[in-house]
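The data blocks that follow each hold one structure.
The two complexes that follow have chain A in common; it is paired with chain B in the first and with chain C in the second.
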Partner chain A sequence: MSAGLNTGLNTGTGPGTGTGHRRPAVGQYAGDRRPTWPYPRATLGTAVAGAVSVPFLVPPYPLHQVTLVLVYVVALLGLDLVAGHGGQISLGHGAFFGIGAYTAAILLSAGAPYPLTLPAAGLVAYGLGHAFGRPAVRLSGVYLAVVTFAVAVAVPPLIRRLAPGGAMGLPVRTPDAPFFTGLDDDQWVYLLVLAVAAAAFTLMRAVVRSNRGRALVALRADAGAAELLGMRPAAIRAHAFAWSAMYAGVAGCLFTWTTGFVAPESFTVTLSITLLAGIVIGGLGTVSGAVIGAVVVTFLPAPGLVSGLALILVLAVAPNGVTGLVRRAPAFIRRDRS
Partner chain B sequence: MIGQVFHGLGTGAVYAALALALVLVHRFTGVVNFAQGELAMVSAYVAWQLVDAGLSYWAALPLTMVVAFAAGALAQRLVMRRDGDAALIMTIGLYVLVHALAAQIWTSALRTFPNPFPGGPLGVAGPLGVVAVVLALLYLVIRHSGAGLTLRAVAADPRAARLSGIRVGRVHALGWGLAAVAGAVSGVLVAPVVFLEPGMMGGALVAALAAAAVGGFANPVAAVAGGLLIGVAETLAGTYLWADLRVLVPLAVLLALPAVRLGGLAGVRA
Partner chain C sequence: MVPMLEIGRLTVRFGGVTALDAVGLLAGPGEVVGLIGPNGAGKSTLFDCVTRRRVPDDGVVRFDGQDVLAQPPHLVAGCGIARTFQHPTVFPGLSVRENVMTGAHRFGAAGFWRAAFARDGERRLRAHADRVLDLFGLLGLGDHPADGLPYGVLKRVEIARAVAAEPRLLLLDEPAGGLGPEEAMALAGLIGELHRATGMTVVVVEHHMEFVLGLCERIVCLDLGHKIADGPTYVVRRDPAVIAACLGAR
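For the complex of A and B:
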């Protein structure tokens, strides 16, 4: 397997290198911990304040769309663990998303309280992620893409056949706002999704910085060397894939909470491709890539001329996506001045 | 039961031709081409357009092959500007793009495609014969022609090939062109069975990917055998067990592969 996507552009020479060494521009490889922005805390505070105030400023329909963006952020954070940090391609995350959505919908229609559906959806997707990931990562890198593609194709017909509602889909009730808060239901759902997305983000940071997370990045950089150092490629990649599938399943559950309706046609291979296109266009291996990608997934129409062209052009011109372009911009400007 | 097996072999011939195309592209350029099915779909539309314009089926077929070769080579030259993981994602972009273009040009209306082979169990000999002929022709081109020699040289060691003066990019385009011809065969074979529409190769692509994986994306004979096997297994499972089981057959084959470790898997590096 090649070194992966993010190593393609090690061309930036930051200020202060001075010695003639070329070092990679910030953010050009996963796990790069150099700060990219001088005011991280102030920015985080502003972002949190802005995110919490959104439901009180925005009318219902745009709020619904912003909620969906957060739902896809969770899914893309998961996909990024495999595709960005692991350097492997999954075409099955739409299926895991759908499995999570249906798990939540079936539990809700059986009368389960909605807080219970979140761990249930995550667990089911995690288990299936292990079941499919374990054999898939044993062979070469393309094999995971092929197996997950087969999963994505097989799941919608099975849902249509087996799940309640069949091809017609399954409407469920969305979470009600508790009486004491005085919020509208859609505001409450937005805040719930925001809380889960923030937790998912924090957890993913911990996962990426854990021993296994760094082992995953090391495996992508040089599988042979990593294996010689005692890392077990199959086990680490299978775990990463299962975690990634769990994130997709949790995102599917949030999708059910947000839309209150699930149908097999929503979770076809098209969704898997859209998710992959989103993370690639946003930028692999970065948080902002997941956020930009989620906006792309929400507002770009279903795969067609536009997204096909966008995917090819982004890979050809800017393999690190929009995030990579933005991060390279200062280096470009400096180079022009000197 | 025997009738079903023959029917399955007919379906399997389609998968085998498409799997052959996947193996060719992976062998010569190191990429699994997810757009292979869509290129085959376009070829089927080209054949349909030619027949619709008044050509006889057997005159349209070679013309279609020429167009398919050009389209495959052109797609490689225009799109495939990266290697490694990015190349795989690029083929997915190409898949989306070609699919959308076909839906624009030919709309998603269902069209019927002429079937040159007689019906019944014996009709299956036709598709199998076509696949055998294509396999033999590809073998001749790759083993016994100058272009085939450069292809094998590039597959063996792209850097050494480049250093000895071979234009690797053009040779990759040649590999894509040959693969597109094999894919076109599958498109033309499947078009009379399912209706002609932009999504017609979706199921065949999954089955062909599984079949090619049987040969480790490197062994053409194993890929053809895998294609026929999956075709028969799908038909039998769909007929005798449960109609929706068909979609699970390629997945089951893929998941069983690491455990079974067929000979062809030697080609897949861990």
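For the complex of A and C:
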């Protein structure tokens, strides 16, 4: 089909654009795939080397906090699929996080080996995500927020009543470092969490860059036009929600591995709101936004005046989050803004 | 002639207004049909019915022997039908290339797990999108966000997206809208070449008469929901009723 048809459209001055318009600065709009940083591989290598060396350089308590950052990275990667790409608000991810955490804790206290708890937590959350998501995503816009809010409110009391430990919570054994590694347990847990987070990051990047990720963004923009291209809105949104819940469940399992203690108060609606605030501040619709958001979730005080003001400030100054701000920085410095 | 697209007695009412009144239209395989008429004649409504965006009050739409009205909207693409809209529906939040790739959505892997691991399929889709972008002179804009592009470019991106679906029936709603005269004629030439290369059936709604006269073998004219003319271009363009309704004093 491309057999040298002369379109005659290519009349402009730019390199094969023919539009003659002033191009917007990089990072001004979502969906910009122009490269912003010339050394992606070197940066990735440095980041991996840095992340792997952290447990050998950082004392135990800060290491615990860095591990928690990675735990929240996984949760936010999942939340971003629904909120960032799908453009839907979920207030239930704290609950799915808690369900994953409790699934892991109950299995661990029953004597299950810890590697088994990870897929179990993911599967339970995935199943529940389908169960709640399938009817909920058929509802438009704010209704998903309402339904998921109900889930977030209902789960902590249910845990208090039904789960072992009740309101007191449930202490569990954290993964032990294998003898041959010579590592401390907290170093081992950090490396485990890092490996899972890296795999989750890679997988999510593949998902959002696949035809399903594009379909989610297309459905958000114009569901009618997207449907005509063969996309099934309800099915795609339901699967995205289930994947998103699965990520939250896996993150919950990592949380149990890291803290060795779960209690209903850790997974209230406050956690859901904090996660949502984190992904908005980090940058919706970008995988790197999840990383920045996780730092925010870990170190920002619980929802209150400070985090509320931070959220408003970000939305006012950088509607694309910190990630969008960083992507715009080079153009800003060159005063090349349009 | 065995009709590829067969529209019969199509009737759509909006409250008391009859937007389409028992309109029939046949298009053979590989035909290029122009659909003209003043604003409000029912042209876009007819497209909406063919693509299942709107369920008509009465009538049949058959494409290649299939009852289109019995299909859910997301399966219309699978029948081989693609369309563009009067106001381009290019998706912001995706790059220009990704927009064209969404056109080929139905060729991609199904399901999230399979899609995440379909690297070969993704590479093929990308190459396919690049070929289409090249045809439309948009290759240099591939990585550009679809947001923040001029109207005329958005219209081209949308047509490219529809062409990427490799349709057997392409419905174009005012493709030349917002284009300059030269650009419009270049686009008509491109659509003509695509048509010759692929043999697809094309139905074009357009006000730009030179565009229609240059591209279409047959013209159907609607006015206030009624079909007032249907025939070869050289006949319809001299039809007094058509001239009165659409062409003005010529």
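In the analysis below, the second predicted complex is superposed on the first by the 303 of 338 C-alpha atoms of A that agree within 3 Å, B and C clash if a C-alpha of one lies under 4 Å from a C-alpha of the other, contacts with A are read in each partner's own complex, and residues count from 1 in each chain.
One rule holds for everything that comes next: a residue touches a chain if its C-beta (ideal position, glycine included) is under 8 Å from a C-beta of that chain, and two chains touch if they have at least 3 such contacts.
Computed from a predicted model, the values in this text were never measured in an experiment.
Asker: Using the superposition on chain A described above, determine whether A:222 touches chain B (first), chain C (second), both, or neither.
Answerer: Only chain C; A:222 stays clear of chain B.
Asker: According to the stated criteria, A:207 is in contact with first (chain B), second (chain C), both, or neither; which is it?
Answerer: In the superposition, A:207 touches chain C alone.
Asker: Name the contact category of A:146: first (chain B only), second (chain C only), both, or neither.
Answerer: In the superposition, A:146 touches chain B alone.
Asker: Just to be sure I read the superposition right, which of the two partners does A:157 touch: chain B = first, chain C = second, or both, or neither?
Answerer: first
Asker: Mind working out whether A:199 is in touch with chain B, chain C, both or neither, as first, second, both or neither?
Answerer: In the superposition, A:199 contacts neither chain B nor chain C.
Asker: When the two structures are overlaid on chain A, which partner does A:116 contact: first (chain B), second (chain C), both, or neither?
Answerer: Touch partners of A:116: none, neither chain B nor chain C.
Asker: Now for A:48: first (chain B), second (chain C), both, or neither, which partner does it touch?
Answerer: neither
Asker: Overlap of the chain B and chain C footprints on chain A, residue-wise?
Answerer: Overlap of chain B and chain C footprints on chain A: residues 1-3, 5, 8, 233.
Asker: Mind listing the chain C positions that touch chain A in their complex?
Answerer: 51, 53, 73-78, 82-83, 85, 89, 91-95, 97-98, 101-103, 105-106, 108-109, 111-112, 115-119, 122, 125, 131-132, 134-150, 152-153, 156, 161, 165, 182-183, 185-187, 189-190, 193-194, 197-198
Asker: Mind pulling up the chain A residues that touch chain C in the complex?
Answerer: 1-3, 5, 7-11, 14-19, 21, 23-24, 28-35, 203, 206-207, 209-215, 217-218, 220-222, 224-233, 239-240, 243, 285
Asker: Can you list the residues on chain B that touch chain A in the complex?
Answerer: 26, 32, 34, 79, 81-86, 88-90, 92-101, 103-104, 202-203, 206, 209-210, 213, 217, 244, 247-248, 250-251, 254-255, 257-259, 265, 268-270
Asker: Under the definition above, what is the set of chain A residues touching chain B in their complex?
Answerer: Chain A residues touching chain B: 1-5, 8, 87-89, 91, 132, 135-136, 138-143, 145-147, 149-151, 153-154, 157-158, 161, 233, 269, 273, 276-277, 280, 303-305, 307-312, 315-316, 319.
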